[in-house]
Structure formats: structure tokens, C-alpha cells
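Chain naming follows the written order as A, B, C and D, and within any one chain the residues start at number 1.
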Amino acid sequence: MGGERLKIILSLTPPLLIIFTLFFGGIFYGFLQSLGYQPAIGKYEINFSAYYNVMFSERYAKLFWTGLGLNLWVSFASTFLAAVFALFGALAIRKTFFAKTICNFIYSLNLPMPHLVVAVGIIFVFSQSGLLARFASQIGLIGSPGDFPVLVKDKYGLGIILAYIWKEAAFFFIILMSVLQSLGENFEELAQSLGANRWQRFRYVILPLVMPNLFSASIIVFAFSFGAYEVPALLGVIYPQMLPVMAFEFFLNPDLNARSEGMALSIIIAIIVMILVVFYFWLTQAKIRKD
Amino acid sequence: MNNNLKKINIYAIYLGAIILILPLIAFFINAFSFRWFYPQVIPKELSLQAWVRLKLIPKPGQRTFEGFIELWASNPAVIKALLNSLSIGFLVTIVSIIIALPAARVLGLLNFRFKKLIIFIMVSPTILPPIAFVLGLNINFISWGFSGNYFGVCLVHLVPIMPYVVLTMTGIFANYNPDFEHQARTLGANKTRTFLLITLPAIAPGMVVAALFAFLVSWSQYLLTFLIGAGKVMTLPLLVFSTASSGNPALTAAISIIFIFPAILILFFTSKFVSGESGATSGFGKI
Amino acid sequence: MKIKLKFLTLTFISLFFSKLVFAETAPGFNSWDDVVKAADGGQVNVYMWGGSDAINGFVDDFYGVPLKEKYNITLNRVPLKGTVDAVNQVLSEKEAGVTGDNGNIDLIWINGENFWTLKQANLLYGPFAAGLPNSEFVAWDNPAVNLDFGRPVEGMESPWSSAQFHFMYDSARNNYDDMPRSYAELSNWIAENPGRFTYIRPGKGGFVGTRFVKQIFFELSGGHAQWVGPFNQELYDKWAPEVWKLLNSWEKDLWRGGETYPKDNAEMHSLFANGEVDLDFTQSPRGAGPTNTAGTTPPTSRAFAFYENMIGDFNYWAIPYNAPNKAAALVYANLVLEPELQAAQVQPANGFCCGWGISTAKVTDAAGKAAIAEAQNNLGDAAEDQDILAKALVSDIAAEYQDLIEADWEANVLLK
Amino acid sequence: MSKLNIKNLIKSFPSMDRPAVNNVNLDIESGELVAFLGPSGCGKTTILKMITGLFQPDSGDIILDEQSLLNIPTEKRGVVMVFQNYLLFPYMNVNENVGFALKMKGVDKNIIDQKVKEMLELVKLPDIGLRKPKQLSGGQQQRVALARALISNPRILLLDEPLSNLDAHLRDEMRDLIVTIQQKLKVTTIFVTHDQEEAVLLADKIALIFDGELQNFTSPKKYYEKPKNIKAAKFFGGVNFINAKKYNDNLSTNIGTVHYKGENYTDLNEDNIITIRPENIKLSKNNDFNDNSFKGLIKSVIFSGTHTRYKIIVNDLELECSLQSVGLQDIKKDDTIYVHLPSDKIWAMNE
């Protein structure tokens, strides 16, 4: 056993070392700074005033809480909609038809597409003077760009949600396709022979089978969309602002004291994601147990 | 399924596909147009000015073979960024796979205490936002001298990549039979040859998927490169971001095309592994 | 006694200063030849706001090439979202204890608050500006040059160019004669053209927007003169509520009902170009020329200015204390002051949007003079009348106002 | 053509509370075909893997031709194992699979091709060299695996459950092939099985292993006729067990005194057990036997083709008897019958 235990430890050490020193180390150092511990500028005391400032001070409270609301809305909506879009896409495409390969490729196309580019693409297509608005104007639906609905750089984060759906649907799609392919159609045919109609086959056969994969993929997507910077930075408005953007702007403030706030905010984001993911786990596990 | 339903289904798929590639179309039109403003659906002026600006195509009159060579040899920023992005991507992909391989094997094949906890720890960078660790890491990197150089950027890229590589490869090893290696050993293959001839080909399809994920995560990394690279390590995402906020859609589109083209190319060559039966993608079902 | 002490101190300071200027070209270098020699074969990391591809292209083409050919220096231009990013980098390096030549940044395109932050924290290399050979073309006696947002420059930064806030309109959509010429007229214009105007959010990356708001202070308070000099909280407090009141009164007639504002001039250009709004801001003495050339605004775009209170300023290059290539940075800072290159930067066709950094009158050699004369003739029809601009020109004010206006605008207009 | 000695071999795994292999000693002669027989999990495959070097023993030694194998890496031992599920390398065709071992040795390609051809002929699959493993049936895969193992003239051939994955009709064929080849090449062979019938049919000697311990190592015939203990007897299909006591050079049981001729009488304990194989019991309606004959009642008659099985109650004791169906007396359920236990066929053993 000694040999085997040693082998396990030696094998796991390098990646764990990276995760611990760089990832958790970074979080820990950020946490220290968020408590106001900044030896470089002669601050050694430890307190939670940065947290208080970010969440409750007159200057930032409104930004923070509206930002949190936007964050929750954007992450939930984009995760859910991307999953639904991918599920229906995958179910439709998996049946053989002549352009299957091409469609399969197009549906996976956004997987390698960087978020930044997707965000730019969303601007090109959906902004008030974007491609769709121009089509609309061409067929006489709208006059000036202002008549086109505000889909990008809007208060409700619709542009951000669109970008995440665009991008993450491909991620869901690929995972779903591989699950569906490995399942084959036997279960469905069986269910059909037992008298299940289309809806029932979907609800009671396919959905439970793909659920575990859908759940874990959606955790990744949810957590990502909650903490990512690029897309809201390009597609967001200045108020309300998603929390990662707000945190980064704190950090970029030349006043070193504001860094504590930036760190505090990013730690708050991490804690919220953690709580939501644990809650989500608990919810899905409970559901799976019940089923 | 009756025929009408099938038709609707197929049309829905086509519609979805068109919506999905609409941004791509917009990129291409933008990149080759000049002053393409609302309400023009088709640009009035087609132009290569964005490409000239990026120094990828010489100015009119110099578009000879020598002109191209001379321009490209002058090391334009885009090419520099492209080479940086590619080389960082390949390097961290290879390094992450080498690091993750033994760990994934152990996690996939053996059962031991704390295994779930260890997997959870490995996966945590996909769950906790990068901004939470990179802001704190930044100061440390600066004092360690890792900031503003290639090495530091590669190192920090390993963090978001590691979970994907470990997970994907753990998935491969979960379906892997180590007796094949034993068989080769008893047939006279030494450890090295066993790895090269037996293990490697068996895990190769999954490794391609892991490599694809690793490369793409590195390829599209903005925040980490921006902070740790301190602007000195210029990669394509940084260029796209700054161009996107500089308000020239043609230029943004042209850089974006350069940015997405290699990624799509790589997907094209690896797609059969991604959606195939390798089970590598279903590794994500395991977290 | 008191006077004597003051005199002694002054003498001492001037002696100290002159010693630096005359004994050394710049700290660490005895002669310009030393500088050029030390810079040979190296690189220079130029950190600058990268939000205008026209400026980026100009720097690469007009500085990158001669740097390589004449001095064998490789230009590494690092585009920033805001100059503050570079300031932050220097602060982080200071915090991490990076000294000597071990930093990352050689040059920062800088002015105002950012310059003041670094200068106050002793994070700049220098004084070096007076030691540059081309410093002879700089009008150092002009307060607009030797004061930056009311703060003394003291040789810690060297000028590059100048800019002046004014507006753009599309002559295909509107007439020059119908354009507002003051904030009072603008208020009416907004009411008459609902949804057709917005301004850049005062804030990070949106200094043009801050400038737009500062000018309201000048107009409402009856003139710019009282704002010159050190920061005056009382004065600010007196006029700020009026300004927020005016801005809020516009809100319902702004683009998108004032629900959001463009973050920077690039976004503003895009709104303008696509016909979402009718007015745009420019900082270039050449008006709409640079953006028309770049194709980011319609070719029919033209410039106009209010008759008063249009802020103009100089911008500079500064070298951080820990710059890895100080010699190359000096060469670069000197190069941008070459009369021929200065003449290039003002011409709309070359894409750079800003004005002179030198005083053209100080150029005496024939080649320089010819280049300057040619540039003056090539201003193009997209620029506002230079006399109107010159008459409206006012200097920027103390850096403290900038932060205050940005924070208060957020609280009183955006989040209201 | 090698002799294998296993000495005091012990191997434990942390997941098991008893040693997987507990002090096993075995001497296998050159050219022998030996079966390791036992229920699954008894440690037989563990011994094989220690012989190959894939596991290291905790203690003990494995000696091949007077030389310890323990410090020799797997690939240099000359011990080749054929795994239960064949493990043909999926991305190599049959030729490449079979030639693998020679390629590892750096043998010239022409010679490899020649050898591969020979081996495939030996396993009677001459024309499938270019196929991929996926295109082969289970039986074909097994043969290819065998050819691949034999190509490098291994000193010891190890077969892990060689027949268990095959259909019944293929088994006979495969069994014959293994015996033929083994006899032809005279390679010392060990195979692992949980099926006593397979062991009996194939092996020269059987090592019976329970719970990591070697029970007995002897010829198949002896396992049937003279098992060492009741466990071994039961594993080889023994059903008739009668408690006995030593009594005047004979054995006393509760069905009466039994005459015993076994050579192990002196080794027997006071209390011991008699066993006899069902096919050695004789039945008669009239008491035709003069010796070891007991009266009983037929409880059931089961006809199963060539044989018919009877269950007989003798003095509360149930015995089972199997007779050839041809030329049987007419014996029915509930008939009274005389049961004869020939004294040269009964075997007594200690508990």
C-alpha cells in the first residue's frame, strides 16, 4: 500500500500545487487585502470596513444591490435559456436528416468562439443600429435606430444574456449530443412501445436521462456568467453594473484604498457563487433522490 | 413523427443555424467595408482599409509578393499578438496535459479517501470567478517577478485550464482498462514503449478533447492576461478588447476574424472527437 | 529674516534644479549622446490609451519606423482602456517593491490627475523634459504648458500634443448655422430634438464627458476665470447643484431617456455615425477630420464649437521611476517633438486627432518651417474655424475637480 | 521448457482483511500444464500477476529455472500472460498484434512477418492478418491472443480464465487447441479457472486454492478419487459424505461397519469422513453383494440421458448414485434397494 499511496500523492501533487498556490493563494491574498491589510502602504490593521462600504455605504450601496440583482437575473436567465435552446436543438438535430453534419457543426461553432468575439457579434447584430435593425428599417418596420428595441447595452442585461445564450448553448449542445448519442434510441422506443406519447417520452425518458449532465454543465455556466468580466464590460450599461465589472473598476482606481473595496467585492462575488452552487447541488441532489 | 412536424422541425433547425451564424456574417461584411452605417444593409463602400490598418495587407500599389513579405516581416502588432496567443495556447496545453495526466489516471482508476474532495478542489477554479483570485495574485506575481512576462502569463493560464483537463482526462481513464498495459508488459514492452504504444493511443481521442478545451480556454483568456501580462504580453483577446472599445467596427471585425479563425479550424479538425463516443465530454457529468 | 530665509531656499532650489539640468541631461545620463548610445538596440514600452485606432496607427507608423531606423529601438505600444491602468500598474509595482530598472512601463501618455497621482507619490523619473534636445521648441514659459491641470510640471513630463473640446455634427443631417453655441442654446436644442443628444459619462475612460460637464460649471458660474488656481471646494459646492439640475432637466429628452450614457468617445462616435444621435464630441483641433478619415464617422461630418468655455490642454509623456528602458524612453519623448513629426500629427490625413505640442514660432530651420507651413494649409474642411476655437479656448482646472465631478455626477445624475 | 518454483508466497491488499495469497508453495515441472482452480476471489489471478511481475509479493520468492524473478522487470521475465478478455490492441490489426512481442525485441521485420504467419497457422486462423480486432468473433480473438502470447517462445505461458468468455460449443474446440498447442510446443503453462470440469479436462495437475491458501496440488484423477478434504471433494462434485470412526482396521458409521482398503488408514483421525463418487455406487434389488452392502429406500429417480441419478435414504442418510442408463434394472421411487459401496472405491479423509 505504501507504494500505491505514494503514487497517488505524487500524481496529485502537481495540479494541486498549482490550484493551491495560484488559485487559493490568490484568493487568500485578496481576502487579506479586502480586510485592509496592505503592508505596502503601511496598513496593518484588519477590519471589515471595505465590506461594509461596498454593501452599505451611501456611495456604493445602490450600485452594489442593483448590481447583485442584475447578476442573479443575468446568470439564471442565461443558464436556463441556453440549456433549453441547446436541448431542443440537440433533440431536433439528432434525428438524421441530410444536412445533419453541417448543422451539427454550426451548432457547435460557438464553442471555440471567445466570449469577447461573441459580445462584439451581439453588438453588430442586435444593437439599435445593428444588422437586425437595418433589416427592420429596410422593410419599413422602423424609421430611426431609436425605434428598434433596446437589446444591447440595456438596463436589463438583455445583451449580456443574449451573448451568454449564444456562447453557452454550444457548450450545452455538445455535452447533450454526446449523452444522447451514447444513449441511442432504445429507451425511447421502449417507452413508445409502452404507450408514451412524444411529450411523455421527452418528460419521463429523455429529460431524466440527460438531467445529470445538464445539471453539472449548468453549474459551470452559471458560475462562469456570474463572475465573468469581458461580456458585461462590453455589453453592459454603466448603471446597473454587473458585480465583476464593478469590482474591476474598483481595482483600477488609482486610490490604493479603493483596492480593498475591489478585493472585498470580488470575495463577495466568490462567496455568493459558492452559496448558490451549494444550494443548487442540494436542490438537484434532493430532486435526484426523490426521483 | 409525421411529415409536417418533421418539416417544421427541420426549418426550426435551419432558422437556429442562421441565427447562430448571423454574427459571423456581420463580422465578414464589417471587415471588408468602409463607413458601413445604419441604415445600409449592404455596405456602399467595400474596402480593405481595416486589413491595411492592421498591416496584414499592404497599401494599394504595394500589393505585390514582395510588398506582403516586407509588411509581414515588419512584425505588425496583430501578427505578434497572434503568435503570442498561439504559442501560449500550445505551451499551456501541453504543460497542463503533462501535469494532469498522472493525476487523472489516479483519479480515474483508483479509489481512495478524499477523492471526491480532491476532485472538488481541482474543479473549483471553474466555479469561483477568476476575478476573485487574480486580483490578489497580481501583487504576488509582481513581487515574484512573474508579472509582465510570458512565463507569468502561461503560469496563470494554467489555473482556469487545469479543471477542464483533469476532468476530461479523468473521464477517459474511468473507461480505461489498465490491463492493456499489463498485457504489453508481459509481451516484452518496457514502460516507455508501453506508454507510447499502448497507453497513448488509447487515451488519445480523449486527450484531443482535453487539449481542445485547454487551448480554447487559454486562447480566449482576457482578464488574466491583461492583469498578469501587465500589457507587455499582448495577445489577441487584449487586442480585440481594446479595438472593440476604440469604435472602428471594421477593424474590430477584422481582428475578430483573425481571432476566431484558428479556433474554428481547430474545432473542425477535432469535432469528431468532441461529439464522438470517446466519452471525454461526458466527464463533465461527473462533477 | 523671513524674507531672507525664503530667498535662501529659493536660491538653493534653483541651484539644485540647475545642477540637474546642466550637469546631467537627465538623471543617470551625462549627455544626449549617452542617452542615444544606451538606447541603441533596446525596446521601449509605451503605455497609452488605446481607444482610438487612428492614434494607435499614427504612433506605430510615424514613431515606430524612425525609432527603429534611426535609433534601433523597437516600439512596443501597449493599448490601455484608460491611462489609469498604467498608473495602477506603477502603483502595484511600488507596492510589490519593484525598483531600479525592473518595472514594466517606459512611457505613459498622461496628463492631469494621473500625472499628479504619480508625481505626488514620487513614482516618476526626472526631471528630464528640459534636457531633451527638442525641448527648445516647447513653450515652457506658457502656463498652459508648464502647468498641468493647475499643477506644476517641473520637468517630470514632456509635452506631446494639444487638444480642445468641441463638437461634431453631420452636415448631411443638420446645418452649421442651426448648431447651438452655448449650453443655454444646447438646452433648447435638446428639447427641440428629443432623443438626439447624449453625452459621455464622466468617469473612467470618459474624461471627455467630464470636460463637457466642467464647461457647464464655467458657463453657469459666469466665467472660467474664477476656476483657475487651486481647488476651491466652496466654489464647487455653490455651483454643483445648479449643474446637476440642468443635466437632470435634459434627461427625458436625451438618447434612451438618459437611462444610460456612452462610456467613451468611441461609443459616442458609433452612435453618431449610425444616426442614433445628432451631435458628437471631438478633442481634435482638426474637428471631424480624423474620424472622417478613419471611416468611423460619415464623411459629411463637420465640427463646431461653442463661443466660450471650450477646454483645451496639453498632454505629455512621463517616465515611471522604475522604467526598464529609460534611455529609450528619453529618445522617444524627444522624437515626438521633432517639428516634422509635429507637422505630421496635426494633419487630418494622418489620422492623429490632436494639435501642436510645440510652439511653431520657435522652429527656425528651413525644413521644419516648410513642414509646418504645409501642415497649416492642410487642415481640411472638417475643422471648425480656428479663430472661433482660439477665442473659446480655456485651460483645464485643478485635478481635484475631476474626481469630484465624476463621483457626484454618478450620485446626482446617474443614480438619482 | 522451464521449471517454476513458488516459495512461501504472501501478498496482502489493504482492502482485504486476510492475505490475498497466503504462504503458497508450488513446484511446477517443465512442460507441465497446470490449472489454478478455485472460486473467484481466491487469489489465483493474484499469483499469476506476481509471476508476471505486475504485482510485487510481500514476501516469498518466485524461481524460474533456479533464478529468482523478483528483481527482473516484467518485460524481461519471458512470462507471457493471456488475459481473460484477450486485450487485443484495438488500433492494431491482427498481424501487428501477433507480432507485437517480436517487435519489442527488435526482431527484423521479415522474420516477424514469417513468424506471425506461422503462429496464425498454428491457431488455425491463417487469413485474417489484416483485420482489426473489432472485426473478429470472440473465439477468433482468443486464438489471436494465444498466437500473440506464443510468438516469442515464452518460458511460461499464463492463461487467465481462457475459456470463460466463450460459448459452450467453442469451448471444446478451444480446449482441444490449447492442449494440442501446449503439447506441441511443450511450453510450461498455467491457467486459471473457477470451473473444475475445465481444470480436469485440461490440466496435468491442479492447484486447488481457497481463500489464498493452496489446498492441494495433484492430478485431476486424485481429486476425484482421493480428495484431501471435504472442501476439495465438494468442489469436485462430491455429494456423498458419511461420518465414520476407526474400528478394527475398518470404519464404523451409523449405517453400519464399512470395510476400507485405502492406503491412508494410518493417517486417519479417530473421527473421519467417508466419501464415494455417485458413479461408483452400485444398486441391487436383491442383496447380490457380500461386502459393504446396505439396505435403503429410493427417494427419487432422475433420468438425464446417458445416466440416471438416484437418491437413496439409508438409515436417515441420503446417498446419491449415478448409473448408466443402458441396461438398467427397473428401479422406481419408493422401491427398497441394496446399496453397495465397493471397498476399493471408498475414500476416507480427515475433516
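Just so we're on the same page, a residue touches a chain if its C-beta (ideal position, glycine included) is under 8 Å from a C-beta of that chain, and two chains touch if they have at least 3 such contacts.
These numbers were taken from a predicted model, which means no experiment stands behind them.
Counting steps between touching chains, the shortest path from chain C to chain D takes 2.
No other pair of chains has as many C-beta pairs in contact as A-B. A simple rule picks the central chain: find each chain's mean C-alpha point, then take the one closest to the mean of all protein C-alpha atoms, which gives B.
Taking each chain's centre as the mean of its CA atoms, D is the chain most distant from chain C. Distance between chain centres (mean CA atoms), chain A to chain B: 17 Å. In whole angstrom, the spacing between the mean C-alpha positions of chain A and chain D is 61. One finds 57 Å separating the Cα centroids of chain B and chain D.
Inter-chain spacing, taken between the CA centroids of chain B and chain C, is 38 Å. The residues of chain B that reach two or more other chains are 37-39, 139-140, 241, 245, 249, listed in rising order. Contacts with at least two other chains are made by residues 85, 95-97, 263, 270, 274-276 of chain C. Chain contacts: chain A has residues 4, 40, 129, 145, 251 touching two or more partner chains. Chain B makes touch with chain A in their complex at residues 1, 9-10, 12-14, 16-17, 20-27, 30, 37-41, 99-100, 102-103, 105-107, 110, 112, 118, 121-122, 124-137, 139-140, 155-156, 158-159, 162, 166, 212, 216, 219-220, 222-223, 237, 240-241, 244-245, 249, 252-253, 256, 259-260, 263-264, 266-268, 271, 274-277, 279, 281-282, 284-287.
Of all residues in chain C, those touching chain A in their complex are 82, 84-85, 87-88, 91, 94-97, 113-114, 117, 195, 201, 203-204, 255-256, 259-261, 263, 270-271, 274-276, 407, 410-411, 414-415.
Residues of chain C touching chain B in their complex: 45, 47, 50-53, 56-57, 60, 76-81, 85-86, 89, 92-93, 95-98, 102, 104-105, 205, 263-267, 269-270, 273-276, 294-296, 298-299. Of all residues in chain A, those touching chain B in their complex are 4-5, 7-8, 10-12, 14-16, 18-20, 22-33, 40, 85, 88-89, 92-93, 95, 97, 99, 102-125, 129-131, 133-135, 137-138, 145, 166, 174-175, 177-179, 181-182, 212-213, 216-217, 219-220, 223-224, 226-230, 233-234, 244, 247-248, 251, 259, 262-263, 266-267, 269-270, 273-274, 277. Per the touch definition, chain B reaches chain C in the complex via residues 34-35, 37-39, 47, 49, 53, 55, 77, 138-140, 142-143, 145, 147-148, 230-232, 234, 238-239, 241-243, 245-251.
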